[in-house]
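Dropping a structure here in structure tokens format, bear with me for questions.
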């Protein structure tokens, strides 16, 4: 049953309107701003839950709006999109709380929260896009709305990072534009899921469509930070912690990864992509990026930089999963969209907490920090174990499925890559954990921010604990219905149904 | 060779002289004069075609066009002259220098 | 024989055009340009375009020549100095950059020559379009005037002519826009030069009458608003030179009225006729002659006023040479 | 020809602004401004009414003096003309409102420029006349009106640089119109008519026609600052007063483009070859790259914006190669014509809105800072929020990011490029976008950077900021009526037509 519904639009509007309104407020109107922000975030989660329930009952939500001429703006709820939208919405809510605490007393908060909301709008827009054009619109919108966040601190370093960020993303956007127009010309306005269009055309225009695939892939790979287009990600870590957390764990990088998933599964279709050997190329690049990112992470002392390179590496798990056809690998890839998000955001929150409370930005300063901030570092430890792939944390599930899938399809080299990567993950995360818990604090320092009995402010602490627990829960209850894994599995199975 | 052909060929020469003059001359006044010479060439070609198409009288339409054209050209030339004099008044410059 | 005259005239025009651009001194340039205008006027006569010839002689050569002559007062005193300076500068310049300057110049000249050859070819092979002589001949009786050029100017293509009157006014406005001009000078002391006063006294009525004659004759022969306007403008220019700037002697509103009369009445008449169901500038044939004469007269007045004002403004430009600091 | 509806609007569209301009001359400073502003509102209102008239009845004509072409002159308002007139009205009215307030601003304002009003009204009349004109010679007169007004407005600021730039502009304009007129003379000599409609029927291919096309194209390219004749544009546009810069870049250069498009598509079809289209497209492509690069290298805001105009006009030229079909292709089978036309129209309109907004914002920044060196734009976001927003939005439209009008133009252009198989233009479009992003974000980066010194920004009237913002938003909003507009354009006029190449094209002389 397919009916037009404004619900998908409402999901976007729930953050677009607060964002726009906040931009019009005055800096001093803190209470109103916070209210707008939080009500928007809660409303978004609520709406998505509503849509989710409806979707499970077989209701389909689509929204069409003819922008002009042949440009159609389309929102459509499908499982994959909803999955990503839910991730964005939940983490947005959490991060908003975190950011309110983190930026307390900072400058230009109006601007920050406004663009923060706009950025989430873009991210959910990407998730709910019904066709390639809409996806592209939100993809560019995401670039624009994240730029002010990256340069938020306004320091020369931040501005410089912003410049790098823009060159990469605008360049990627331009390449994507080329691909989108090309696809439009050859195949018309492709709606996600209409893989039969390309399947029919591939025999007519094999060369053109292949070139277009790689053009589109390149455009997406920039945001997904696949080697050699990952350069912007470590640099833009100068942004405030909530920005790094949300944007670089969810919004921007996931937009790229999600785009690749869409491109392969819902535009070209796995059949075509496999048949034309596109996937092998993707697999090679993804595998290389996994190793490369891990190796680079190993040598970073800056806490956030290490996390950033870890992100580079982890993101390519998704691409790798997409590149190996099979139900299990697809499940692994899709579930990793969520798992990586919640684990990485936990780590960024933790890093932010440490930096905000004690001013420590480097790993070498973290001796014994676990004793002073047990909850924060506890959450971090859970996430780190997840990243390494230790059961029962979420990350284990992803890797397990990826590995199983690889074995199933006979791609043993992938298993090797996974193992190597896990070893490297351990090599760069375990020292932090070890240092935090087992080293003696070298000297006493006073807290920058004290808030009584808690190890840091409540608004900073709660989010990290919540996401830490979530990453644990996602692993422990993976088998339960409604868990990320079960949904991912369902999506993957549908993909391979004849 | 008929009369109109002499003049129509002349018109092309005048046009080219004017065109070259606009680019090559340095002094403002010369540049302005060059544009008028260009115009003279154009008008000459109009009128020469009018003579070719003469019946009981020469084709009056080009004549009218040329009168209009001359007046328009003079108005713009006068404006250009005013600008040139103003520039001279302000800066003492009589031609475009490299950086201006 | 007549071909010979034409060829000589053509060569003369080309020669003068060349010379005016190549002349070393600015004064020469201006005088040769003046001669060039007269040569062109002769060419118009040879081509049977008496109206154009009068216009060319009066406006392009005459009025423009006067403007240039007037401008010489600005530029010439320093020309010798300046020219030396620029020559000297050019020498240094050329020694340094001969090669870099030479190449584009040569390219430009070659390009122009090529352009000329193509244009000669194009003109030589021009198909005979036949012009509009026949249509004008058929429609002439309905136009209200007997002279075909006037018919085209003020009836068949009245719209162009109306815009053109606008362009003259616009030229004046544009000159105001360059700034540095006080619109209304105080009347000067009358010129001391007895001879000049006599000349002015003598010429004013003659010019006026001759202009009126040209205006009236425009109905049936060469002449018309533009030619008359220039002659009347000559009165204004002479008066200005004689120390009686016209626009300072009449009230402000009158000056404005004189300037805008031609354009405004032309248009208002058009609008009034439009209100009666006609299109713009569509004259009822019965009244066309009279209406055209009125329009022409008013247009001539406005043209005269505008040209006078243009001259007056340009003329007083050099009178405040030392406000360089104040306006920048 | 006579079956088209005769309407008084075309005549009024030219006559009314002239009448009002003449009227305003009788008033002194403040009165001039008031009459001028009222005149602008009236003219805009009239333009909208005329637009509706065309929307209802299709092409309307006005045979001036009752003399039918070829003897007389006919004004023709088809949908293409209506769109241009409508655009002029909408953009013009906002610039007028801005100018009114801008010249009245007491403290930091540039002062009062009463002459602005009559000149702008004359300019408006000239533009309307140009869009309506259906006669080669009348087009010459209108471009002269436009040229003189434009230069007079450009030098109005009284700055020495403006004078130099203005004289250069004027000389280029005169040269351009003389070249154009030379072509007209040849066309008249070889056909005996000046009416565009008739010329389209009777013009025969040949050396003369080709040469006339060459000089006319040359003349118009100079006028529209097409590469390599763009040299006059940046200094002239950047040295003028803010509302004037906006007028010049948003509207004036479009006039020459309009004639070029009309003449190529309606009149000279017989002697235009595929190669000619490629050549003009190449000029456009170089302009896109060169102009954007130059803009990127500038250090003052207005110069950036002015150079960007050169690039944006280049995109307009790039539609020509798509409209001229390769030998053997028929117009019916060429499905890229409509996208290419759409791209052209949207580029014109989006650029008009975005560039007007950009220049008006630059004017505000000069008002606030006293100069426009870009390093002083630091913390613009904190001090002039609305202006920064306007610059951001206008910039986004110039880059061509969705969902702006500029995006629509680029989308359609790329689509046309792919459909026509002339893929070699695609990299230019993308490189242009990237370079544009380069300079737009250079500005935004500074705007977000914290100020080095406090309190350098003087307050500016908020109403002015809002006008700039509205124009910037306009460059987005124009996407929504696109359907209607394209349908409207397709109903009458040349929109969507293409030139079928003759197999044996002219051997030489194709610009």
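Observations
Chains: A, B, C and D, in written order; residue numbering restarts at 1 for each.
Here is the rule we use: a residue touches a chain if its C-beta (ideal position, glycine included) is under 8 Å from a C-beta of that chain, and two chains touch if they have at least 3 such contacts.
Owing to the predicted nature of the structure, the values given are computational and were not obtained by experimental measurement.
With centres taken as mean CA coordinates, the chain nearest to the overall protein centre is D. The highest number of C-beta contact pairs joins the chains B-C. Per-chain Cα centroids separate subunit A from subunit C by 73 Å. Between subunit C and subunit D, the centres computed from C-alpha atoms are 30 Å apart.
Each chain gets a centre from the mean of its Cα atoms; for subunit A and subunit D, those two points are 44 Å apart. Mean C-alpha positions place subunit B and subunit D at a centre distance of 27 Å.
Residue numbers of subunit A whose C-beta contacts span two or more other chains: none are found. Each of the following residues of subunit D touches two or more other chains: 71, 137, 141, 144, 148, 151-152, 155, 160, 163, 166, 182, 186, 188-189, 192.
Residues of subunit C in contact with at least two other chains: 119, 122-123, 126, 128-132, 136, 156-157, 160, 164, 167, 170-171, 174, 178-180, 327-328. The full set of touching chain pairs reads A-D, B-C, B-D, C-D. Those residues of subunit C whose C-beta lies close enough to touch subunit B in the complex are 2-3, 6-7, 10, 13-14, 17-18, 20-21, 26, 29-30, 33, 36-37, 40, 43-44, 46-49, 51-52, 55-56, 59-60, 63-64, 67-68, 71, 74-75, 78-79, 82, 86, 105, 108-109, 112-113, 115-116, 119-120, 122-124, 126, 128-134, 136-137, 148-149, 151-153, 156-157, 160-161, 164, 167-168, 170-171, 174-175, 178-180, 226, 310, 313-314, 317-318, 320-321, 323-324, 327-328. Listed in rising order, the residues of subunit D touching subunit C in the complex are 6, 8, 11, 15, 18-19, 22, 25-26, 62-67, 70-73, 115, 118-119, 122, 125, 129, 137-138, 141-142, 144-145, 148-149, 151-153, 155-156, 158-160, 163, 166, 182, 186, 188-193, 204, 206-208, 210-212, 214-215, 508-509. Residues 118-119, 121-123, 125-132, 135-136, 139, 155-160, 163-164, 166-167, 169-171, 173-174, 176-180, 253, 256, 259-260, 263-264, 267-268, 270-271, 274, 278-283, 327-328 of subunit C are the ones touching subunit D in the complex. The touching residues of subunit B, when paired with subunit D in their complex, are 8, 11, 15, 18-19, 22, 28, 31-32, 35, 38-39, 41-42, 45-46, 49, 52-53, 61-62, 65, 68-69, 72-73, 75-77, 79-80, 83-84, 86-87, 90-91, 93, 96, 100. By the touch rule above, subunit A contacts subunit D in their complex via residues 66-69, 71, 73, 108, 111, 136-137, 140-141, 144, 147-148, 151, 154-155, 159, 162-163, 166, 170-171, 173-175, 177-178, 181-182, 184-186.
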